[in-house]
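Which chain is which? They are A, B, C and D, in the order written, and residues in each are numbered from 1.
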Amino acid sequence: MNWTNMLEIILNNTILYATPLVLAALGGVLSERSGIVNIALEGFMIIGAFAAAVVAIFAGETLGVGRMAPWFGLLAAFVLGVVFAVPHAVATIHFRADQVVSGVALNFLAAGFAIFMVKNLFEGAAQTTTVQFPFEKYSIPWLSDIPIIGNGIFFAYPTSYLAVVLVLIVYFLLFRTPFGLRIRALGEHPHAADSVGIRVYLYRYMAVLLAGGLAGLGGAGMSIAVTSNFQHNTIAGHGFMALAAMIFGKWHPVGAMWAALFFGFATALAASGQVIGLTNYVPAEFLIMLPYLLTILALAGVVGRAHAPSALGRPYVKGQR
Amino acid sequence: MAAVVEMLGITKRFPGIVANDNIHLVVEKGEIHALLGENGAGKSTLMNILFGLYQPDEGKIRVHGKDVKITDPNVANRLGIGMVHQHFMLVQPFTVTENIILGSEVTNGPLLDLAKAEKKVAELSKRYGLDVDPKARVEDISVGMQQRVEILKTLYRGAEILIFDEPTAVLTPQEITELMQIMRNLVKEGKSIIFITHKLKEIMAICDRVTVIRRGKYIDTVSVKETDPDKLANMMVGRHVQFAVEKEAATPGSSVLELRNVEANGNRGVKALNGITLEVRAGEIVGIAGVEGNGQKELIEVITGLRKTTSGTIVINNQEITNRTPREIAESGIGHIPEDRHKRGLVLDYSIGENMVLNTYYKSPFSKSGILQFDKIFSHARRLIKIFDVRTPSEYTPARALSGGNQQKAIIAREVDRDPDLLIAAQPTRGLDVGAIEFIHKKLVEQRDNGKAVLLLSLELDEIMSLSDRIAVIYEGRIVGVVKPEEVTEHDLGLMMSGATTDKGREEAAT
Amino acid sequence: GCGGAAKDKPAPGAGPDQKPKIKVAMVTDVGGVNDNSFNQAAWEGMKRLGADLKLQEKKEYTYVESKKKEDYVPNLNSFVKDKWDLTWGIGFLMAQDLAKVAAENPNAKMAIIDSNLDGKIPPNVTAVTFKEEEGSFLMGVIAGLMTKSNQVGFVGGVKFPLIEKFENGFKAGVYAVNPNATVKVAYAGAFDKADQGKILASTMYQGGADVIFHAAGATGDGVFTEAKSRGKGFWVIGVDRDQSSLAPDNTLSSMIKRVDTAIYTVSKDLANGIWNGGKQVELGLQEDGVGYAPTTSKNTPANVIAKVDEFKKQLTDGKIKAPKTAEEFEQFKATFKK
Amino acid sequence: MDSRFNRILIPLIAILMGLLVGAVMMMSIGYNPIAGYSALFGGIFGSAYNIGETLRSVTPLVFTGLAVAFAFRTGLFNIGVEGQFIIGQLTAAYIGAAWSLPPVVHALAAVVFAMITGGLWAAIAGYLKARLHIHEVITTIMLNYIALNTSNFLIRAYFHGQQENTPPIRPSASLDMPILSQMFDNARLHWGILISVLLAAAVYWLLFRTTKGYELRAVGFNSHAAEYAGMNVSRNIVTSMAVSGALAGAGGAVETLGVYGYFGIQGGFSGVGFDGIAVALIGGNHPFGVLLSALLFGGLSYGSSSMQRLEGIPTEIIRVVIALIILFVASSALVQWMIGKFRRKGQEVGRS
């Protein structure tokens, strides 16, 4: 294939793969900046993927809203993501549960619940039917006429554009508003925040619930854009990759985005490698694991350690250091 | 004058102990009221109650004559009560301004307006003579400036009644004089101040009245004019306290520690030590005097192996230990009371007993062929707790649960008990009450008299003066002079510390 | 049970007038019974048997899902130990485990799909395998004839012998009808990564391929969504069952494996007293064990289908042999002539 | 004493609450919880065979649980157990098939080498953290995929028997326990169970009784203080990752040598490593706690398939139940609060 095509598709796949990770990682950033560890991203993504697929199917087939269907799905994913974040929030904030334990529990809960519901909604089937109206790629006028990056970058799913917008929003929220200042203070020194009368619990709740919603959107990005259905393995480790992106991106929304794009780029690169027949020289398995190798190498190259919010993972108890 | 704060019959119980037992505290408008008591006496607790962080089990609180329930810091803020906490409540990666406005932010629509906020902060700091850089990150500024930020936080919230919990424990002498001036300005502005300190001369210097508590019980409230340090010490400890350190003249022996032109970089890569040359001999206490941030920290770190030197040699007992590992150096006969007890000195989640063997755990009798001997470890701990009077429920209590004062005693016990040839003591009495200080000073002198070398680092000039046999003054990573305490006044020392003697040289270098 | 292989009496309860009775169970692999693939097909076969013999679900025919690899043995045993007449293991993944259980319980009758147990088939086991290479060959023929760009693609799940049968059969089919067409091959490294499937597919399509055949389970779903979102002219060929519903306007055909037929016939035979234990039953085009989906005619012109049937005949007559491995494919290229 | 009492009571209550919610879910879709749970417990304890298989399914969880718990105790989060387990499986399969040694020795050699390779694999993440300060959570996640694909490649290219599997291990390398298996009606019981218990004891001893354990935990709690005390922080980080990985590797080895007798190309992760995280955390990251939580976790998931087989109840319900149990155990504050309320009620009743 000629190299412009190649470049286009690599860029395009980079974005395709990165989008769900970016959305979920944003959730991670919010939650962990407020001091609550969030390895439940995987679970929230599962729930989001589930909700989006089911609602998109229902809206498309029963309500007959046609092309609007995926948007309903997206909304549902956010809402159910928030709902599922509630137990995590209650357990870790109110009942001081170990935040990792609670996260692990939620991953189980989400997986179990989602499949359980699918089996009930689709007479016993382990996966939903195919989403008849999934998201379609949109190309941005003018921009998409630019050679290479036009088709590479400005021809993507709405979820990708949404992700970019949300990166900016979360960035402003965290670094330009009082809300963000308070959230970040909680992640660093909750006692300080408390001593100036910030409602520690309230703000942590908001952060964790929003995180659930964002990760939910990430899941939706898989089921109604990429796979067009939901089944037990629609989300297979993506939540953990998002977690990695968040850390790689140093708990910063923009950083997380670049990290996710990096994973996506490596994945797309590996795919192209196989297709152009590198497998005659390199075993397929090595191309398949390339992204993970590159990540480690990249991290080894990065100067300056990422350091987590100081109070991350420690439950907040008044009057105790 | 009307009472602005009345705390009447306050009782607060914690699991296993009564921190406050029917305590009274009445503060009048425009006064600086000292709260005095041993470590663990209940001062911080009482103040945390006034600030709404703890709820009293009994007793009532009146502010401006009205009964109030201070359920949380918001209420306290609304009542015009502000607190400068003993352990700073500052968000390290935030800027000064961000820390000050946190919780009552300056906004422009939905967004933060940091520019406007910085102006406000600048105004405030001018008005009260609290010099801060609004844009600086807290993690980059000196402890003194951090404290000024804490004060600004309360003023920014319009506090009329300010609580200072041991502000001076962490300050340099210069900073202390500045703080005193600030406090005077504040009362001029009509504020009232509650001032916790263990340093009686500070109380004598600026307080109007002082309330003394002991072991959680109210002792008395007296006017400073009608009392003196000895009376206060007596009231607080319940016995006579010896302030002046009694010691015979030193009989220095062979050289124990020797540094030759040692250079090293600080955390930010800039040169922190440039050519330190210093000797400490057996049977003497050498004090390092200097303004904070002139290389004291780095000096100790290179000696103990926690920081690499870039050039120069360090010799202990005639054996070179430059850039050896901390363990090798410790084995060669160094004991180290670290400056930051929480960061370096203790594993807060380990029991006191386990902490007492933090650097000997691998040696007999505490470890036999790789196996820990807990009976030995804890009996050892019991012994030290007894000798050094560490106030702890038991040797199994986690270090975290101890009063900072007692945490400090535990560390000192551990290091002194190892009976090292060279004992490095950094800020050994910071935050301790007079009783504890007296005791620790005795221990250091004992070490010396047993023919051991002691390297004392303290920001308290009078501690340096009273303990040291020789004083080495450090300035900009160099020893700019070694003097005998009886031959200098605090004033001369202060001048040397501020680099006065080398001003000219610096100007030349600058041009 | 009562040993003795071939001449087994009809199972208890079978009288002259009434239908023969039998208790048959199947153990799915980790895909679960509704995997839209061969576990599901297997269960359809069971249901057909149940309807036919008026068997009662759960009591006389049933299934159990395996969640993990470790579940296979206990799941198989759960039926063997309550003396069910026949226990199916669905999928090559449980080959070793089924052999083990069969050996421990020589009186229990068992059968497995997709494995010949490395040729060492115990007397109480029937091993059903399919000639995927033959079905894939036909898919190759379709792809080879339908491609306009002379570039076609193959997306595999994980690279191992079973999937390589698909790959090489397919390549041979393409070669047979269109020697100068190139086949791009890529493996996702997983059967459950639809996003990988989509990325591989889009890379292939973008690179000029216009037909893609997948043998990658759920990873293949990504191939369908990619074809669908690209619209007309980007073709995909499904696997195992008729997958055209996933992208009706882009699906040329599906290489179907009649797992259901296999389950149905072998079980029904046993009910009627026919049991060929210890043997490998290999189902190819001949036996209708593999073939192309009925919906093929939707997007594939009749002349192409005719060509496919022609090759089908040659394969069944043994005139040509579809290759299973890379080596066999090389030989095929060497020997095959128009 | 009260706290010790709670340490028993809280998990019990958590389990009950979890099962309760599960029952509600069953009823909500028209299944009979009594029947469901009797099927579940029948599936766990119902027969000698089931008991045996339950124990078998618990065994790998003990290893992975120990691996995660050990890392946690030393301040590290090892999400890489999954991959280290795979490395162990591969190593054991290779040594078991390729070498020829006298019986017991052969099996032991395979386990030991699996521990070494698993340990080295994990040590990579340890080294990257110690030297380059790369967060172990990222590296271990990445190393999982790398392990999976490396193993798949090695098997496909150099080491496959029939089809996608490695050649079977030699009898001399097997960890089977024929006698015990017989007793449990051919359940796949093997020496690995014993090994897992021994390792649990060993981990306890290493962590809480030895000088090394004191160091490892100190570094985990406060690396600055550890450095001050003359401990080599970097080396300790690498060591604890290596030990953690060795435990996982041992798990992989016994799974290969005791259960399957071969290893194969994998389409994905088995999840046993991730389950190990849950097991470790339910077990309070204490070796003996891990033993118990592995029993709970393994038992429930194993029994769930009988629930599906006999009553047609989706096994996901059990996933949910397990999730809730973890959640309730974690939120011990909640449970304590409930116990408290309950007690107070009791007292009031007593008074009146």
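Assume contacts are C-beta pairs under 8 Å (C-beta built on N, C-alpha and C of every residue); 3 or more make two chains touch, one makes a residue touch a chain.
It should be emphasised that the depicted structure is a prediction, and the values quoted were computed from it without experimental measurement.
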Of C-D and A-D, whichever chain pair has more C-beta contact pairs: A-D
Where subunit A and subunit C are represented by their mean Cα positions, the distance between them in whole Å: 36
Between subunit A and subunit D, centroid-to-centroid distance (C-alpha), Å: 28
Cα-centroid distance, subunit A relative to subunit B, in whole angstrom: 46
Overlap residues in subunit B, where contacts from two or more other chains coincide: none
Residues of subunit C engaged with two or more neighbouring chains: 159, 189-190, 192
Subunit D, residues touching no fewer than two other chains: 148-149, 152, 156, 268
Complete list of chain pairs which touch one another: A-B, A-C, A-D, B-D, C-D
List of subunit A residues in touch with subunit B within their complex: 172, 176-178, 181-182, 184-185, 188-189, 191-198, 310, 318-319, 321
List of subunit D residues in touch with subunit C within their complex: 47, 49-50, 53, 56-57, 60, 148-149, 152, 156, 160-165, 168, 185-188, 259-262, 265-268, 270-272, 301-302, 304-306, 308-309, 312, 315
Footprint of subunit A on subunit B - complex, ascending: 48, 51, 53-54, 72-74, 77, 83, 85, 87, 89-94, 98-99, 101-105, 107, 110-112, 153, 157, 400
Subunit B contact footprint on subunit D (complex, rising order): 209-215, 217-218, 221-222, 224-232
Interface residues, subunit B side, partner subunit D - complex: 304, 306, 325-327, 330, 336, 338, 343-350, 354, 358-359, 361-362, 367, 370-372
